[in-house]
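The following pair of complexes shares a single chain, subunit A, combined with subunit B in the former and subunit C in the latter.
Let's look at the complex of A and B:
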């Protein structure tokens, strides 16, 4: 399994299996949490689908419902239930999409604190860490003929 | 995805117990593999976002670790595979800490089940608060590791 025997076959098989898994996840994942605009475009198809909307803005409030704007391209959707915040607040919510309306029956929701905008900082740190790790990895695994020559001569 | 700094620290602390620095590097690389492969599929190969789900599953981690270990020298492949797989599992465990409103931070048993799992302990926007703690833990691990090496010498 780990030897050099039939190396290219093993490499090809591993790559093929990963590709198959990626395609399968992409196809099945499409129906797990579809984009909001797709639900609005084809409400009957996505009726009763559980949705997680990581980022949405409350546009307007009614007594027992509220309207959100979310997604790219941005679409609007009515949400049943009490709004977790005021108009203009950014929220995250999960619920069940209903074709009638269409609307979302909210199950969980909460207002996002202003620090959710600091995501760029997390991403910047992540990129720096990734570069450092790749440099460290190269230091241990890259083939360096000059180093070998030095060690031999030494 | 939590930030990569947290993923690094989560792997670097157990990695401090490994003497061979190459094996340490493989453990850390294994921790990054699910995101590297997932983002690669998304940004480079322009796959759908949901294709990243495969790289954050148990089978996906094992396959990626096997593929990764094929690129190191033969004598390192077996320990390299297990360490990269351990790194991948650590990555998924850190991701599971997040609260994705009950939807699940990872689908562990793809392609057999699409059920999402999460512990739901940390709101994703609070991950930024982990950065100073991560830095402190990393510094502590580094100091302890250096002291241990000096004692061994």
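Let's look at the complex of A and C:
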């Protein structure tokens, strides 16, 4: 399995399986948690679909519902239920999409704290960590002809 | 890769007892591998989110790690595969704790099922709170490793 025997076949088979796996996930996942704009564009198709919207902004409040703006491209949607925050707050919510309206029957929601805007910081730190890990890996495994020559000559 | 520092800290703590610095280097790479693959496919490859999801599924990672291990020289492949897979699974284990309002994100039985799970212990935005503790874990692990090396009489324990 790990030998050099039929090396290219093994590598090719592994890469082919990875590609099949990705395409399979993309096809089977297409109907799970679709983008909001797809639901708005074809409400009947996505009726009763469960949605998780990771980031949305409360645009306006009514007595028993509220309107959110979310997604890229940004679309607006009415959400049934009490708003978890005030107009202008950023929230995350999950619920069931209904073609009638269209609307979202919210099941769970919460206001995102201001620190969610600091995501750039965690991303920057993550990039630095990744670079350090790659440098450390290269230090151990990078082919260094000068070092080899030195060792031979020594 | 919102919180690679935390993932690295977990890999650092798990890998510090390994004597071979090269094996540790592969383990650290394994801990970063799921996010590296996901973001690479998403942003560099322009793939859809679902196409990238197998990079965070236990069985999907077996294939990715096997393919990656074939890039090592023959006598290193088994160890490289084990270290990459161990690191990757550790990453997925930590991601399992995230809160996606019950929607789940880890395809735990892919390709046999599209069922997604989560433990819901912390939100994505809480990652920033774990950065300092993660640095503490790295520091304490390093100190403990050096003390253990001194006590056991080993000298010059290679640093990562």
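Some observations on this one:
Just so it is clear, the second predicted complex is superposed on the first by the 154 of 154 C-alpha atoms of A that agree within 3 Å, B and C clash if a C-alpha of one lies under 4 Å from a C-alpha of the other, contacts with A are read in each partner's own complex, and residues count from 1 in each chain.
Criterion: contacts are C-beta pairs under 8 Å (C-beta built on N, C-alpha and C of every residue); 3 or more make two chains touch, one makes a residue touch a chain.
All values reported here derive from a predicted model rather than from experimental measurement.
After superposition on subunit A, the partners subunit B and subunit C are seen to clash.
Once chain A of one complex is fitted onto chain A of the other, the partner contacts of A:131 are absent, as it touches neither subunit B nor subunit C. In the superposed model, A:86 lies in contact with neither subunit B nor subunit C. By the document's definition of touching, both partners, subunit B and subunit C, reach A:118.
After overlaying the two complexes on the shared chain, residue contacts for A:61 are found with neither subunit B nor subunit C. When the two structures are aligned on the shared chain, A:41 is found in touch with neither subunit B nor subunit C.
Residues common to the contacts of subunit A with subunit B and with subunit C across the two structures: 2-4, 7, 10-11, 14-15, 17-18, 21-26, 28-30, 32-33, 50, 52, 54, 92-94, 107-110, 112-113, 115-116, 118-119, 121-123, 125-127, 129-130, 133, 136-137, 140-141. Contact residues on subunit C toward subunit A in their complex (touch as defined above): 1-5, 8, 21-22, 25-26, 28-29, 31-32, 35-36, 41, 47-54, 60, 63-64, 66-67, 69-70, 72, 74, 77-78, 81, 100-103, 107, 110-111, 114, 116, 123-125, 127-128, 131, 160. Subunit B meets subunit A in the complex at residues 3-5, 8, 21-22, 25, 28-29, 32, 36-37, 41, 47-55, 57, 59-60, 63-64, 66-67, 69-70, 72, 74, 77-78, 81, 100-103, 107, 110-111, 114, 116, 123-128, 131. By the touch criterion given at the top, residues 2-4, 7, 10-11, 14-15, 17-18, 21-26, 28-30, 32-33, 50, 52, 54, 92-94, 107-110, 112-113, 115-116, 118-119, 121-123, 125-127, 129-130, 133, 136-137, 140-141 of subunit A touch subunit B in their complex. The residues of subunit A lying in touch with subunit C in their complex are 2-4, 7, 10-11, 14-15, 17-18, 21-26, 28-30, 32-33, 50, 52, 54, 92-94, 107-110, 112-113, 115-116, 118-119, 121-123, 125-127, 129-130, 133-134, 136-137, 139-141.
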